[in-house]
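Structure incoming, see below.
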């Protein structure tokens, strides 16, 4: 038995080590030494991120159960950086009196969902994939309900777990039918036999909606705003960036690797969903007053844009997708970071609370503005590049009308992003949010995000590096 | 003759200096600059006139000199606007006229405008006008002419609106500009047509008589009228606008809101004859390619002349009387051109042209004199209204005499200059058509009548009570009067036929004794009539006014042309076009865009309930979504 | 009649029958999920759905692809995952109960629109 | 023959109790009906020769999950408080949709499932084989998911405890 | 990276400088210094351009440089200029320079104002120097969004609403544009997004039929073509002075420049097919804008509609497809930019004193504000096409050029377009007459202060430029004339 081949799974192992050591530390540390928990965790995680950022050659473990390609390193690194930023932003929150005790759990749960995503990404088999998916969502629900004394958090947790379970049931049912029609659960084998008979199509649809749920595409998105609103802001950002980022990558990989023979069919599905997601989410976002809810809809529409990269099914699309996720991560996390700082101190999340923020908190406002512009796809911020590449990838495959619809929607999305900017910079407020001082880790996170937004677009090597390892049909 | 460039440039320089320095200069200095520059260029233009008329005659034909010619902007391989100086008899004549009158007006204004706020500005504008007008007359090509044409229009606008705090002056300046601008549109389109077919702007080429230039116009017509007629007609519209031909004359009477010396310079002597000059400049083209337009010009000129003369008979504002008289006299010039032919060694084909130019020259002198005289009167009594005057001959002898001379000249009494020029026009007209000739003679009679009505009303008649006794103008104002009067007296004896003719070769003037006698008789009769009616305070005018109340009222109201103008601008352009368009823009186009936003937001709010907060509804949508996708994939 | 029945019952159980049972279970679960008010009932419905999928795996494995034990193991792991889900879900429901003193799905409506 | 009869009995039990479980007004009864369904499922596994899975099904579901449910029900059920009755239209809509889904999926599955199978003898799977397969790292062996699911279990335990504990 | 990149580097450095600047003095120093540097640099580049051309370099674009940026999409950072870009660069540099002085006393948030202002200028300069579709679009977009904050924060009136509307409408047109750019690139099959390269490849006719109208429309919206001009009046009315200047002076020109450089150059065949639609729309804009201006009561609205009218002439002339008209179009962009900037600067200054922009509430200002009044008259006269000022040159070039098309359709439309010179005179004189002339009615207006030194600098710069173009057009017109030739040749194919 070649257990040693397991050691090839560097990322997973090092993450597991981080998790276990933190768990052990949490269990055995004294009250006093718990002070060092977060710095230790951050250092360990940074270390983990750094040592795993170099892509290696492709390999398989456990007979194809685990299938590594170099691109995954980039995706995982992006997820790592995102998680790191979130952990930095959560530092403050976890130091609060009420939450101090749950520090260890927070880290453990977060990292275990991350591990789940790792496996989901690298899975070469539906079983691995399914376990990964569940690992990424079941502990997540406890994270959503992390503020357990908060009604909203509790409600969000319940909604999340119920929706997730429902989705995974349907997805599981779909998988069973896929198994029933192909006789195998290994991706590479399915690809050859999955030709798109009626039953296979039905199985495919049942299966894939589980992923749509994770990505929260319309009409599988309805849980998103409620859960985003209810959960603690850092968790929300984790949900909207990391969880979604992993899911879109997996969706692309699956569609391209496992279902290449029904490309026209899934392109049709994605076409419809992209239009629906972008449009409906934008329409719903317009009226939101709660910023977290607002960002939920914004992220749904962003997911719709991501579909444009997936729909192309090309290497270009793949690279654009990963790049988009990278940029989206920086931008969205910057916004959520600002939100979390403010919500942490003042419990204010309404857009009207942000009126006149610039007068009192110029730096936060600028970070927020840059991030929102990036989300809206305004140059010179990275969001512009990522959107352009995605549209480019779709147009290359001839999806002119789809791109046009998406572009029209960028106008609506710009509208609501500008609403926030308007609130911060233009609207006057007699009692604006008082001057806030964010703690050091949060500051670092803002610096990382801002730098990311500024340079990832202008310096092409990020994209070019990603493009080296991208693959398509 | 390179120095002619100085004639053009010095006023520009003076404008720039005065304009930039403005109130930093003392008024006296500004006046001195203006006058001295004008003095220099007047001298220069006299010199150039002498030099030209004595030295540049080759085989009996005056040369066309182009001492300066630069390309200013190039449109394509054929078309380019050049700036240059074209010297030929008419431009030389115009140089002389313009510089002379301008100099007089400049001197006159030293006193007349003394103490006015913006004295420096006034001189700057005068310089600008002089520059533009000179540039216009020496233009080598039609586009250069258009450029200066516009500049002249603007100077006129600025000068009419000199008293900018006075609403009527502002309105008048605006009206003058817009009406002439409207005419310029015709001019511009005419130029565009002309240049399109002939591939040139250059006068020398256009007038060269080379038929190949116009080859491409052959057979092209629109609505049964040949394209050249359209073109030249459109160009004439431009001239008609500047020269206040009916129905574009409405701006000129209002333009009297400007300072009186300005009226003398611009609205009597120089700018208003630009239209005549334009036709004269393109005369060969008109004559060869659009003779029908030339005839139309004659009839329009005649009608305008008559129309204006009738109105002049009943106006009470002395400057307006003079304005209408100007319109009428320009009508004469137009008639002269309209009935003219080219050449004239034998027969009289070129008579009209020559006469017209001659009349232009003499008219400039005596009309400037009249205006300056009127200015002198106004200066004395501080009013424009005839009723406020009367019996001024005792107080203002010089003005009286010079004014009388001018009146005699315009009435066509021998030996004053007007007699010669007008008489030749009449002679030419009779040659063309006896009916037209008769009409013109009648108008000449009317002219004599209203001029003397004016004269008697001002200097004779019952004395009006004045707040302070009117006094004669000082020397700076009197000198120009005297000078111009002198010119008026002698100008008739200038050998004009030798100098300025349609084909630039000598034309021997034969005074037609019958026409001359008849016209003098008519003039004398008219003067007598006027003397009877107005020399003493009498009831006759009033009786006449009541007897012919209909026509009298119409004439006093200038035949309601101004009302039509107001109707068109206010009611039609503003209320029926602009306001609806503005409304449409705000309430249809803009509202459409706004409503897109409103509808989007409305939809957003209406779909609130879709997100009900119920997790089971979420699952329901999820399930239905899945089933629908599956169904579509399988069954569609 | 009897013959018919015997004919029907002879031979192996048709695969459709198994799948039909699982399908009914699955949609019974769906119905329960969509219609019941109590969160616990919803959870019970979910169990039905997961179970239905398990049956599918097992049946396919046995009937169609008996060579490997893929379906078997998938079902095995799914049972474990279902247990996890249930445990976590119940913990969350209890937390809801602590907060709202109720486990009615209809009361989870603080966040909407 | 016997298989057939047993199957149909089990099938009838499972169908009926599935439906009863989701329609019963009393939550305790629902739980009980669910138990019956789960046991019926276990019976099916047995019928198909998966004894090990039968045992797991009984142990995990009947032994573990059901106990959890019962505890939860007892914890959250206040005495005297009955389950509120659902709104009628909701049931109808849910019913129609589920039935439509059932009909749709049934139709597709029935007409498209591979019926050309030869059922090999339903012999019992050897536990050794199961063990080998579970512990192997080759293709069709399941050590990696087995290890990995432990992380999931651990995370769920941590999460559930974190949520459920008082502080 | 060649020296042309300095055009974007200077504003970028200025932004950084502003970011670290401490007080108002430093801010103004940085702005003045930077903008002057920019202006000088632009002049130097102009000189270099002319020298190079005089030396016989007949390449389509001069000073080109090309660096691969995003290889997978064949996106290059390629720069280069021809006569048209040089003119546009000059225009931008002048207006930006003048704009700074016009907003010398801007309050509050001076620093932020200038940072955004610089971002705008960066975008504009970048747009004019770039040859690559992607980078052009990038800069085009950069020059868009700062408008939101500039209007929203420092504007007046319904500023938030207007800012939003403006940005969304313009975003709609850039959305269209983005789509077209992608379409152009992929349909041409070129191996780079460089327009010269794409022009060589050509675009299939079928694709042109879709792409040309959309591309042209996208740019024409930016150029405020009827009926998509409605962002403009409100946008102008609410924007602060410098932004109005910039918007009317430069931003609208991006539209005309884009039509010229991208739509016509790359899709000549379809341009012939669709020209008539846009010509009709342009002529409607010309007349419609002028008539609408006649009925306006707010100074800024008058000039906004006047811009609609003037910019209608730009597209009108571009679509005449001959060298003269196209030269005229570029000249009109230059001249309208200068005039509009001047007038908006003056309106801003007058508004700063009278606190009203309604023409009915002002009168006789010439008496108290002689400098501003005279400048206003000059601006007005330039706008109505007085010879010697820039407007005349451009309009005449356009009309002469348009008249070279002998078709009745063209002829009639040209004549209609010509009639704008009258309507323009009507509204300009109405406006000037109402606010500057007459007697002062409002007591408060009797004690207004005339322009300060910095305002004078701003105004004088613009007037000087207007005069320069108007009285010595030959070199600029020749420069443009030879640079439009590639497009003409392309269209003649």
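To keep things simple, chains are lettered A, B, C, D and E as they appear, and every chain counts its residues starting from 1.
Criterion: a residue touches a chain if its C-beta (ideal position, glycine included) is under 8 Å from a C-beta of that chain, and two chains touch if they have at least 3 such contacts.
This structure is a prediction, so every number in the text was calculated from the model and none was measured.
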Joint neighbours of chain D and chain C, given as chain labels: A, B
Touching chain A and also chain E, the following chains: B
Pair of chains joined by more contacts [C-beta pairs], A-C or B-C: A-C
Centrality ranking, top chain (CA atoms only): E
Most distant chain from chain A, judged by the mean position of its C-alpha atoms: B
Of all other chains, the one whose Cα centre sits farthest from chain C: B
Centroid spacing, where centroids are CA-atom means, of chain A and chain B in whole angstrom: 78
Between chain D and chain A, distance of the C-alpha-averaged centres to the nearest whole Å: 31
Distance from chain E to chain C - Cα centre to Cα centre, in angstrom: 67
Inter-centroid spacing, chain E versus chain D (mean Cα positions, whole Å): 70
Touching two or more other chains - residues of chain C: 26, 29-30, 33-35, 42-43, 54, 59, 64, 70, 73, 77, 81, 84-85, 88, 91-93, 95, 105, 108, 110-113
Shared-contact residues (touching 2 or more other chains) in chain D: 90, 93-94, 97, 101, 105, 108-109, 113-114, 140, 142, 145, 149, 152, 156, 159-160, 163
Sequence positions of chain B contacting 2 or more other chains: 597, 608, 611, 613, 615-616, 619-620, 623-624, 630, 634
Pairs of chains in contact (touch as defined earlier), listed by label: A-B, A-C, A-D, A-E, B-C, B-D, B-E, C-D
Chain C - residues contacting chain B, complex: 30, 33-35, 42, 105-106, 108-113
List of chain D residues in touch with chain A within their complex: 105, 108-109, 111-114, 135-145, 148-149, 151-152, 154-156, 158-160, 162-163, 167
Contact set on chain C toward chain A in their complex: 26, 29, 33, 39, 42-43, 46, 49-50, 52-54, 56-57, 59-61, 64-65, 70-71, 73-74, 77-78, 81, 84-85, 88-89, 91-93, 95-96, 98-100, 105, 108, 110-113
Interface residues, chain A side, partner chain E - complex: 316, 319, 373, 378-380, 384-385, 388-389, 391-392, 395-396, 400, 403-404, 407-408, 410-411, 414-415, 418, 421-422, 425-427, 460, 463-464, 467
Chain C-touching residues of chain D, taken from the complex the two chains share: 1, 3-5, 7-8, 11, 14-15, 18-19, 21-23, 27, 30-31, 34, 37-38, 41, 44-45, 47-50, 53, 56-57, 60-61, 64-65, 68-69, 71-73, 75-76, 83-84, 86, 90-91, 93-95, 97-99, 101-102, 105-106, 109-110, 113-115, 117, 119-120, 122, 125, 129-130, 133-134, 140, 142, 145, 149, 152-153, 156-157, 159-161, 163-164
